[in-house]
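Below: one structure in structure tokens.
Letters are used for the chains, namely A, B, C and D, taken in the order the chains are written, and counting of residues starts over at 1 for each.
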Amino acid sequence: MSALLWLLAAVPLTAGTALLLTGRRLDRPAPALGVAAAAATLGLAVASAVLRPEASAPLFAGIRAGLRVDGLSAVMTVVVAAVTLAVLVFSAGEKDRLSQGGRFHGLMLLFAGAMLITVTATTLPLLLMAWEVMGAASWALIGFWWRQPQRTRAADTAFLTTRTADLGLYLAAGAALAGGVTALDLDALAGARGPWVHLLTAGVVAAAFGKSAQLPFSFWLSRAMQAPSPVSALLHAATMAAAGAYLLLRLHALLEATAWGGPLVAWTGAATALLLGVAAAAQRDLKQLLAASTCSQIGFMVLAAGTGGVAAGTAQLTAHAAVKAGLFLAAGAWLYALGTKQLPALRGAARAWQWVGAAFTACALALAGLPPLSLWAAKDEVLAAAFAQSAALYATGLAAAAVSAVYSVKALWYVLRETPGDAWQGYDTEESGTRRVTPLMRPPLLVLAAAAVALGVLALPGVFSALRDAVGTPDEPSPSAWQLPLSAAVALSAAWLAWRIQGRGPGPRLLRPAAVRRWAAGWLGLEQAARTLAVRPVLALARATAVFDDRVVDGAVHRAARAALTAAGLARRSDDGGVDALVRAVARTARRLGRAARRPQTGLLHQYYAQAAVGFAVLTLLLLSLR
Amino acid sequence: MLELFLLLAAALFSVGLYGALSQQSIVMIMMGIELMIAGVITAAAALWHFLAPAAADGQVIVVAAVVAMAVEMAMGFAVTTAVFRSRDIDTADAAEDLKG
Amino acid sequence: MLTLVVFLPLAVCAGLLLWPRPVSDRVCTGVWIAAAAVDLALAAALWAGFDPDGGLQYEQRADWIPTAGVGYHVGVDGLSLPLLALTCVLFLAVAVYSLRETRRVRAYACLFLFLETVCLGLFSALDLILFFVYFDLSIVGMYFVIAGWGHGERGRAAALKFFLYTFIGSLALLLGFIGLYLAASPHTFDITELAAADPLAGRGAYAALVLLALGVGLAVKTPAVPFHTWLPPAHTEAPAAGSAILAGVLLKMGTYGFVRIAMPLLPGVWREYALAFIVVGAVSAVYGALVALGQTDVKRMIAYTSVNHMGYVVLAVGAAGVLSGTDDQARTLAVTGAVTQMVSHGLITGALFLLTGVLYERGRTYAVEAYSGLAGPAPRFAAAVAVAAFASLGIPGFSGFIAEFQIFTGSLAAQATATALAVTGILLTAALFLRALRQMFLGALRLPPGSPDGRFGDLAVPETTAVAPLLGLALVIGVLPRPLLDVIEPASRAVAGLVAR
Amino acid sequence: MTAALFAVLAVLAVTGAVLVFRCASMARATFALLASLVCVGGEVILLGLPYLGVVTVLMMVMEMVVMAVFMVAYMMNPAGLMPMSMVHNRRGALTISGVVFAGLAAGVLLAPWPGRVGTAPQDTTFQAGAALMGDQMLTMVTLGFALLATMVGATVLAVGRGRYDRFGDDLSRPRPDDPAGGGVGR
């Protein structure tokens, strides 16, 4: 049983490293190998979801590396494996653009393996290890076309931002150990003693927000769009971005352990959903729009985690994975064909390639939250959980849902129009388009679109209660009778309104004040803020400390050395001048005394007698006085 | 009485000393020394007579002093002869080779 | 057996030196590689026969200067065996790497063989004076390596500064040893007896002075922040092999000193001043990372990352001394983390310095701005440096993460703020490595004007065979840490126990 | 009566002593010295040591006669009668001897001299002889040797041409360089 779980993790990882290590030799067969490995992983995932195996191995002193597939993990593994397979099939289609296939598929498989470990890990160290490997894989994939500097810079930004947040997990691990959870078991984390539980929660929340691009850290997702489209589809839509939400869903018990954990997470989620929705609406680049929408949709999952709606969050996560992967793949297809992802230039793209257009439309409508489709159902469950918490949260969520409808319709409006005559000027602005969509690209799109629609079934109470039992939170609030139609109505009206406004002029501004639009378009100015508040001062501090180190600390050593030399000189001089002079003076006085001593030796006998007489007189006086 | 004898001895000794110190001629210096030893003899005899006549020590000192006087005179003349023969001088001042 | 392992290189060195007929370079290096390989095999045999829970093993004892209580006492336990193995691995890697060395190869080989004996001796020494003798000989050996094969005039100045600075440190160390010697009732320099006797138990001020002397001596060698300024020039001027050994093995002597001498022999006063060491460790970590971020010379940057990594070790060793609020598991974790960090830093930074050697050989400069887009002409070299860089900044799957995770988890309970501060170090390290990688390896190709033949050749065979095993080992430890941790944990539990008594 | 005799002899002795250095010529000085020492001899006899007194007087007479012959042999002026005063540092000598005299006088007058112990034997000469030949034998032997050494020394010093002139300082010359030939062994 446990072998199945080790195999689940090992297949993608070993395949990935093998592909990476072989370098250029396996470039030609790489796509096929990649797809095969992904298929095998999907099989294993489904098997493990059914069998729910468990395995663990000793890692550190008293801390084990445990893996277990429970309700939540089962759903997640299947989703990850499925999306990975779909994306790899799509990237097989895009073979000529991804020239170094070995490296690409290797990294994708490596990432998939890491994600699978993340969702099945039961102890914090193993989770942290997989968490970081995902970050590294994302860095390598974003900077895949490493010859272009802007892509590698984006990769660095993405990696460093997520790593900054990941520090939280390191601190969480330490806090857990200090708080008494010696085995660092995820389920037991809520039991940490005293003040450590706050640090633990803070760490986990920070890491989750960083990875899921929630409000303070959301700008890295916009930079991550430099990655090839399959990467965006897999990493930055379905799996990695959702990992943070998954972590919060997994540790919702911990969030409840502290008073401020739940509300903070909920409100951040809601705020991100709303603000990033607005940002999405203001984008002119299709992938940037989709990225911002990813942040806002994950905002919903975080909101669900904050309000205890684990099943709702899982539903939202699953649905969103399918929808957003589909949308990104569609965008990727068009980018491959037309060489651009600017919305004005993509006018009529859906008509040119019906299949891609149909899939894109389906997913976009689902994204908008229109009634029969998946996201509408999942979103309502999230809003129900939020409503149980506080009405304000429900209101913000509803507003965010409306905004999501707006930007989806905006994208649709552009794509569905007929291609204008002068459209070709907008083509090939970013890549050299091939003006065709390879056959391999079509199936994944269709599958994902079908999934996006099919998951609407979640709205049915039976299905949702089954999900609740699987996930293990049976008493979760389900959407009440009036909530479903209300959200449907809101979504429809928002969509119709957006279509009308969009339709009036060539590029009508959805947001009146220009300043707000520019602010929203620039992803709420978060990146500039991060750069000025964090990056620039740290770099300046680094240069300052470097100079300080060279001048002051090293200077001190050199000054000490010079002082020693001068002291030595001083000693030499004082030695010559002082002591030696003293010795010479003694010699001189001795010589003078010698000369003086010779003066009484005059050779004159009578003077000797005189001296003798005086001597004896003194002697006798001395003797007399002494007695 | 003893003090008088001792005063006499002191006087003789001092005059002898004055002579030895002031005279240049070697012979005159020897005469000075002779007088000093005579002072000593007087003192010895007086001390023997007034303090310890029972023992002969006083007399032995006098004998010694006399021998000393004799030796001094003999060596004095021998040295004067030798110096005179080699240097043709007879005054102490001229023989000042051992100067420092 | 242990003495054979320690003195085999010296024997070969003597043989090589005294060989009457002139020996060609290839033969010298061949002999050197053979000696290093045999020594590694012996070390592996030691490891195989080692019983993790057996405490001190392979002990050998003989009188050396009986009147002064100095004995030739060697032995190996969970702390020193990994470092012994690390030394053998590093010296073999350096030997293989030096196949491309051309300048005075015979002296070069002998010097490194001598250094190998000195390092092995130090890690197996169980007598303070024996420890001190090896401690000083290592400085002498490294001085000649830097001065002889360094880069020109600045090399000699850097070597002199290195020698004098660390020599003063060793004098302070000697003072500490003598303090210990005098405090022990039957005067002895033997570490095991001193550990058992705990001579400075109740003597507050005197013990503090001894700890200060030991602390300064070891801090200079570690290097901890105020005393670290000898390291960057020494590294920039040293030849690649010298740098690898200096960073890989010599820095460990300082940290090993903490774990072997300072903690077991001065438990009471170590607990009392543990906070000082925690602060020094945290400051070293952050300061080292910050200054590394501010560097423009890649080798100096890596040198400062060594200061950062050693800062973590000092932090962990300090945290092991705090009893309030921590339990035995946390302290054991900290000490195990410290020892693992020594091993992992040796492997990874050793590999990094060898790679910078490769860089210097082709580009004749360490300036980061001088290069760009090297991944084009030298993909394998770029891949190796990327792997080493990521291992160094603590990406899981490599030994760096295993060590740093244990250090942070173990130390947070002892001193939360300092550890939190130190954790930011790994972020700064990540930033500086990524910036360097992006600048040098990615983007459009641009070579420095000084590169000899105008193009940038990829890794040669000796270089690959030198670097690959080191990174491979780091990967193995990262993925399967248990074999190494099984050896270290009992010993670190013992040390933690000794400190807590 | 002895006190008067003592006083006379004392005065004569002192004036003789002073005269020795006051007279211009050597001869007069010698005879003044002789007079002074004869008075001293008399004093000694007065103190009950007739033998020693007479010995002193005899010795002094012999010395003075020898000195007279001596002066005739050496003194440049005939019979030493010419006025000759070779004096130097007179004031210094006077002060020193004055101080010495004052010191001695003070010593004599201030010292607490003890009383007489025992009485003089009848025959003091016998006492002296017994002492010299008895327990003072060592002094007698030393004085004897001293006198012998003086005799030999004085002769060697005074002799005109000794062995050293003839055979060289370290007696190494094979043939003595006598101005005139002949003599023992030639």
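Worth a mention:
Quick note on the criterion: a residue touches a chain if its C-beta (ideal position, glycine included) is under 8 Å from a C-beta of that chain, and two chains touch if they have at least 3 such contacts.
Labels paired with UniProt names: D = NADH-quinone oxidoreductase subunit J.
Because the structure is predicted, anything quoted here is derived from the model rather than measured.
In terms of the stated touch criterion, the partners common to subunit C and subunit D are A, listed by label. Closest to the protein's overall CA centre, chain by chain, comes C. Two chain pairs, A-D and A-C, are weighed by contacting C-beta pairs, with A-C ahead.
In this assembly, the C-alpha centroid of subunit A lies 129 Å from the C-alpha centroid of subunit D.
The centroid of the Cα atoms in subunit B and the matching centroid in subunit C are 98 Å apart.
Separation between the centroids of subunit A and subunit C, computed from CA atoms only, is 32 Å. Averaged C-alpha coordinates put the centre of subunit A at 124 Å from the centre of subunit B. Residues of subunit B in contact with two or more other chains: 17, 20-24, 93.
Taken residue by residue, subunit C touches two or more other chains at no position, since every residue touches fewer. Residue positions of subunit D touching 2 or more other chains, listed in rising order: 88-89, 92-93, 96-97, 100. Of all possible chain pairs, those that touch are A-B, A-C, A-D, B-D.
Across the complex, subunit D is touched by residues 606-607, 610, 613-614, 617, 620-621 of subunit A.
Subunit A contributes residues 23-24, 57-62, 125, 128-130, 132-133, 136, 139, 143, 146-149, 152-153, 155-156, 159-160, 163-164, 167, 170-171, 173-175, 177-178, 182, 184, 199, 538-539, 541-547, 549, 553-554, 557, 561 to its touches with subunit C in the complex.
Across the interface of their complex, subunit B is touched by residues 597-606, 609-610, 613 of subunit A.
If you check the complex, the residues on subunit B that touch subunit A are 17, 20-24, 26, 29, 92-93, 95-100.
Across the complex, subunit B meets subunit D through its residues 1-25, 27-28, 31-32, 34-35, 38, 41-42, 45-46, 48-57, 59-60, 62-64, 66-67, 69-71, 73-75, 77-82, 84-85, 90-91, 93.
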